[in-house]
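One chain, subunit A, appears in both complexes that follow, with subunit B as partner in the first and subunit C in the second.
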Partner chain A sequence: MPTPSASSATGLSSSDPILDRLASSDGSVKFRAIREVKNHIIGNRTKKLSYIKLGAVPAVAAALADSDPNLIVQSAAALGSFACGVDAGVRAVLDAGAFPRLIGLLSAPDEKVVDAAARSLRMVYQSKLAPKYDFFQEENMQFLLSLLRSENENLTGLGAGIVIHSCKTIGEQNILCHTGVLEKLSSLLDGSLSQRDASLESLAAIIRDNPAAVSNFVELRCGRALRSVTELTKDKYPRTRLLACLCLISVKNSSTCYLQDIGIKTKLVYILLELLDDSGQVGDEASFAFSSLIAEKEDLQKLAFEANAINKFHCLLQKHPVQPKRLEGVFLALADLCSKLECCRSSFLSLQVLNLVIDALTHEDPSVRAAACICLRSVSRSIKNLSAGRFMNERVVFPLVQLLSDLSTSVQVAALGAISNIVVDFLPHKSTFIQCGGIKELVQLTKSMDSSLRLNAVWALRNMVFLADTICKEGIFTELTASSMASLICDPEPSVQEQALALVRNFVDGCLYSVEHAFAEDGIILDAVGRQLQKSSKIEIGIQGMYILSNIASGNEFHKEAVMQLLFPQDDSGSHSFFEQILQSHDSRLRTAAVWVVVNLTFPASPGAFGRIVNLRSFGIVSRIKKMVNDSCMDVKLRARLALGQIITFGDS
Partner chain B sequence: MPVRVLENTAPSQVSGANSGRSSGQSCSLLGVGQAFSGTQNVSSVQKDEAWRVNVRIQGCDLEHGYLCGTMEALNVPMADTPVVTFWEGEIVDTKNYTFFTGKWEATPEDDIRHWSKFPSFSPLLVQVEVDGGKSLDLSNYPYIFMRWKEQYFVNVGTDCGLTIAGFYYICFSCSDGSISGFYYDPNSSPYQKLELKSTNDGRSGFSFSSYELQ
Partner chain C sequence: MSLFWLVIRQLAEIEAMAASKKIITRDEWEKKLNDVKIRKEDMNKLVMNFLVTEGYVEAAEKFRMESGTEPDIDLATITDRMAVKKAVQSGNVEDAIEKVNDLNPEILDTNPQLFFHLQQQRLIELIRNGKVEEALEFAQEELAPRGEENQSFLEELERTVALLAFEDVSNCPVGDLLDISQRLKTASEVNAAILTSQSHEKDPKLPSLLKMLLWAQNQLDEKAAYPRINDLSTAILEDSAV
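== the complex of A and B ==
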């Protein structure tokens, strides 16, 4: 049989006779040519790309229109192979117009043709590039049900593949539940290996994050479907065990009613940890499944810790080489493990996993870099280790600062998350971050068009300024400027406003001189704070704003009077009522912050306290405070009593 | 705050009782960043002595009854610099922790003897004797009881001749932010009293900073 003259990885050229043979009018020549291409490309990504570049896909696809079933079968198989695992292949198959033709062939009289077309379409549906299936079209739903009702395993597999690919929204999940698709899919749990796997994966897609769908599923066949899935977690095939676990995780995470006993939770933890040993895709996916099992669940994190999960992940990281997908999954799983429990963080640090994470900060794959940052963010929630200065050193900080200018926004955001924690640093080591050029980068990111970058950059600065010394504060203030801070306070995003206000609050804390920051550039910051307090109804913004005023009011006479002026402007048009409203807020944290302002304004040792008390009385604040001495919140009550005690020192009228 | 390692291990003395008790509820004066200063009496049979002490709250997780921070002892005779230790606190909220320590060589009798030295504990004594205070609702009590356990030396080595083997019984007043405490270590002088007041960094009022971990 002739072979392409240069069929090596990159040796195909447009003058290659294979194209001529694929386009031959002689059916047998064409058949052999397609088969040859198919045999070349199976499992060989490089050859697939070469043939795609050569333009072989349209020629192969053209054979779908032939009358010879054997030729059609070869063509469909080759197209499926092109589409398998290679997005460029899927794109080429779609561009060649093969998709509708393959769909049409599903109703062909020849079963071999139907099988080949279904297998090929399944490959296409494994890609994100496959066209979205519209479940809301009546005829589409009928077609899907016809696939799932079929006796043909390839057709039922295709039906499940369509669901796995296109079921993303709650609306789609619900329609699949109500039209019998869920039931049909669950019946495949008793089928062949491929049907079971397809069923498990598609069921997980339908019930994910959808309590109503979970209820439907759990009640299916009087609970038999759920029992079947539970049974499949013991299957001999690792992939089946993984998919069964994913399905159970969806059930467990969607509702607090099902699978909450410790037995099943422990079982899931152990199965997933064991699946990590699989060296292929199952092992890669097991760590992501593990994350979805334990994320935000302290009890499961504890179970995983007791099952020695940190050790297990540590061992996986020490195997070389570790593929990027595996690395990413392991770092994310470690991040979830260390997100809440100090025992996990201690174990992580004592096993020196930190060094492996730091190395990964410079990994060539952006997903790995981001995952390493997320892992670092979790571990650096340990105040015990922050206080020991465990993270604030050049080996950790330098690569993190470099990542602030990463080309990937998700890496930048993840790096900011880790930095936000690390800069809290309770030792006087914040200068390490400054020396690594971190402040300039953070300030630059506060000006980003991307709001998540702005938010996280301001957040990091806020934590950096917490208990910072004067030199550090001055450095940051000069770099950031008062006008930029005022702009951030008025940012379109409320979350950025809140962090910007918290940043100002920290700036005006500390030594008395720090209060002056609020008055830089003609008080542009204080003006912005006042505007935001009057405008915003968000509790957190009110709290940060009130603490800014409280901190300023703990300064000298000038500072206290400035706060009075802001709360009760002389050209008042009723705006001062916002302070009274805040004092009556339903949120006790906000009431507490507001009463602290009054405590500081009436601080007895201040010369102007009496005058301010007179004004506060005339604005109705003193009578408001009197009503708060029996507040339901103890913190508010005690501060109100303190304020009233100070006020009474000057007389009660 | 670290205390001197004693050469001889005299048994701790049982002394009179007082009372008090509290909850793990939110109090802005016990928030992160808040600072306190005062003294710890380290008097022994040989001489009267008190070390100046500064405390800073670094972390607070009321849901888990957890508090942590640093303690700085300023005029420690055998140290060239102030000695800083990191401590972790258990808030007696009757949910996460009761008045019974159950570890650190402290028996329920030791616990009650120490808690009873705080006047604010007396209304709680009867119930604490029954169940360690498990059935008490401390959420509106104006005192917060805690145990502070030093975990490590921040700025000196463990060979500094000081020990952090014991722990403190602490009573915090939500009204004025004052802190009273007694150091307990069977191998150190008994009832070393810690007395701290909220500090304001030279300001005419109270100031509050904050951070938020991601």
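== the complex of A and C ==
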């Protein structure tokens, strides 16, 4: 029997007989060889990898072009198995050019061939490596619809698999709604077990984070589709229940019009908590679904708390051994639970879950380490426990500082997030952090190439310096240096600039000695602040900058004059108006901060106040303040009146 | 199922009637039972469901011809499924694995636990046949990598390999693995997985109905004395001692 691609397969390795047999010109030898490979690799990851390495995939794929349907079926089945759960296998199958051939086989006359090809393709589409399906091409959409209309379960399953794999953007979701794919998929809800699951998962992909798609879905068949999904949350099969919950969560999260009654919310909470008991994949995924249900939603967190969720997660963590995926999910769910409510945090702490989280900081899996940090950040939002110094001890801080030099960036960022909260400490526990070498690590990270690391490191330092004593500030300042603070202020990332300014603001807050920090290295920091204020139009940057100036202006004569100099540079003719513009900002927070500067500059007891008022008047600031005494914002109004009162003590002209 | 709900309804009625234990005579009870109308087709469907799920293909075929009840699954697939089950039951595990893979290659690829149990059964058969070296090689090559992937597999593997350590396996702590019941357990696991892959319920409905009947009787016992079914195989009503 002639085999068109046999020559390419023989070239791989003539030493291994299986490759020879796969490429045999004798059809029955080849058939047995492919079947043998198939039976070796199914369920066996190690065998898959070794056959892939041997170069068996192209040889198997070549048989797709054969005329014997039995041979094609064996080949397709083997390729599907290579692609099942092993990325290297998917890559090999794609590289062997099998993908378009398998697609072609979907219209073969032999139903067995169609089934085998569809199954294989479904396996490929379960991998991220599968080629993205372009829904915007008319013929692709027609093809997808023809798959979904088919009587063959493998074909409808493939159709759903394509949607699950490739529907990611809002544009893709919308086109799938408008061309009838959504409707077709929802009709599969009444189908067989596998069709129901495929339907639920693909529906979730289409409606996720897309309010328009959600309302399309909700109105489908007068709400019958939604009712079917709701019904399936009670299904016998855990996977079906989970997928139905995911659909409903998407519907609920997309708008405030659907599924807002407490009944359904409570039901979702209970179903997901129960699904956590599943020892397999469903249980792992249930905690992630739970997170998406309660994240940012205080009412749902309350419901979950009342459903004893913290206890449930605590019990899950006690089982041994806990798989990494499970640990990650549980920690992230706990993080969401503890993100807003103090009752959740105290229950978390009283159950000693903290110990388990601390243990996980040194887990071998980076996702688990990151999740533990995120959980820690959430729990450490508790001001009560924070000020009791509950987190500022070596058991917590030491591993966290170690994670600052973790190989995974996401772990570093998560650790910085936790540290940022923990160092906002009101008692003199900050030294623990310094003793663990934390400052050095943080300063190192402010110089990272990765902007998210710089951002979070500066953020952590900012919180560290908040209300810190002189010794602590001094230690950090020496480590960080004025020049690198100045360059952080001028960082390319606006978010880093803002945090750097906030850091300076905390540095110069407090006693006279603190204010001096701004003048180190010939006032390099102050220069940078001035440049950023003139250049940036970002409100947050303006606010932080104004508070820096306000803090400095609370210092001595020299400090106040420096602020005047910065606001109204002598050598500059027209650009002094930036301060006036800030005073007229539409953002009341920025106006408040700016008026504070004026208040501190015009403080009547300081000897140079009169001179500064004269200058402020000549730059048009005093008349601006006069207009602000009736500001719509109460804060601005009160400060403006205070400033004007001070100005008037020196006479009104 | 309707039978179940009927009992429940009666239960509710009785509960409403009296707080103390009510006595129902045989005549009253039989009259109530006769009032219950169950469609013949429904009964037939239940029987067919049992035959199909349990894999009695010839009986199912005969039953279809006699009763006109259509099975909810292609009878040909039952033959394939039974061939797999039989292969496991008679210790031809490799043969069974190949048959499952021909039926649907996804089953063992997406069900690591079942795959492990089949491989474990293969190892047990090798040990049973005294092929010690082959068994060791197989355990090392095929099963050890699965144990690395999953802690509970590793524990089961250790238990199985322990068979090799005993002179008298029939009288050792892990001897149960060599029991015929172990084969049956594995065979029924494969059977269930194939059924699920065919979108069919893996358990027949009839046994769960009987369980419900027992449950309902137990509930009723607290409220009333009535002629009870104690022996499910004969379904004879027996007067309860009052």
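Here, the second predicted complex is superposed on the first by the 636 of 653 C-alpha atoms of A that agree within 3 Å, B and C clash if a C-alpha of one lies under 4 Å from a C-alpha of the other, contacts with A are read in each partner's own complex, and residues count from 1 in each chain.
The rule is simple: a residue touches a chain if its C-beta (ideal position, glycine included) is under 8 Å from a C-beta of that chain, and two chains touch if they have at least 3 such contacts.
All values reported here derive from a predicted model rather than from experimental measurement.
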(message) In the superposed model built on subunit A, check whether subunit B and subunit C fit or clash.
(response) fit
(message) Quick one: is A:R505 in contact with subunit B, with subunit C, with both, or with neither? Answer first, second, both or neither.
(response) first
(request) Once the two structures are overlaid on A, work out the angle subunit B-subunit A-subunit C from the Cα centres, in steps of 10 degrees. (result) 110
(request) Report the partner of subunit A that touches more of its residues: subunit B or subunit C. (result) B
(message) Going by the contact rule set out at the top, does A:G417 touch subunit B (first), subunit C (second), both, or neither?
(response) first
(request) Applying the touch criterion given at the start, work out whether A:R345 contacts subunit B, subunit C, both or neither, answering first, second, both or neither. (result) neither
(message) For A:K430 in the superposed arrangement: first (subunit B), second (subunit C), both or neither?
(response) neither
(message) Just to be sure I read the superposition right, which of the two partners does A:R462 touch: subunit B = first, subunit C = second, or both, or neither?
(response) first
(message) Just to be sure I read the superposition right, which of the two partners does A:L638 touch: subunit B = first, subunit C = second, or both, or neither?
(response) first
(request) For A:S554, select first, second, both or neither according to whether it touches subunit B, subunit C, the two together, or no partner. (result) first
(message) Taking the superposition on A as described, I'd like to know which of subunit B and subunit C A:R591 touches: first, second, both or neither.
(response) neither
(request) Pick out the closest CA atoms of subunit B and subunit C after fitting on chain A and give their distance in Å. (result) 37
(request) Would you tell me the residues on subunit A in contact with subunit B in one complex that are also in contact with subunit C in the other? (result) none
(request) Sort out for me which residues of subunit B touch subunit A in the complex. (result) 25-28, 33, 56, 58-59, 68, 70, 86, 88, 139-140, 142, 151-152, 154, 174-176, 200-214
(message) Residue numbers of subunit A touching subunit C in their complex, please.
(response) 35, 38-39, 42-46, 77-78, 80-81, 84-85, 119, 123, 153, 192-195, 321
(request) Sort out for me which residues of subunit C touch subunit A in the complex. (result) 97-98, 101, 104-106, 108-112, 115, 142, 145, 149, 151, 196-197, 199
(request) Under the touch definition given earlier, write down the residues of subunit A that touch subunit B in their complex. (result) 377, 380-381, 383-384, 386-388, 417, 420-421, 424, 426-427, 456, 459, 462-463, 466-467, 502, 505-506, 508-512, 547, 550-551, 553-556, 560, 589, 592-593, 596, 599-600, 603, 605-606, 634-635, 638-639, 641-642
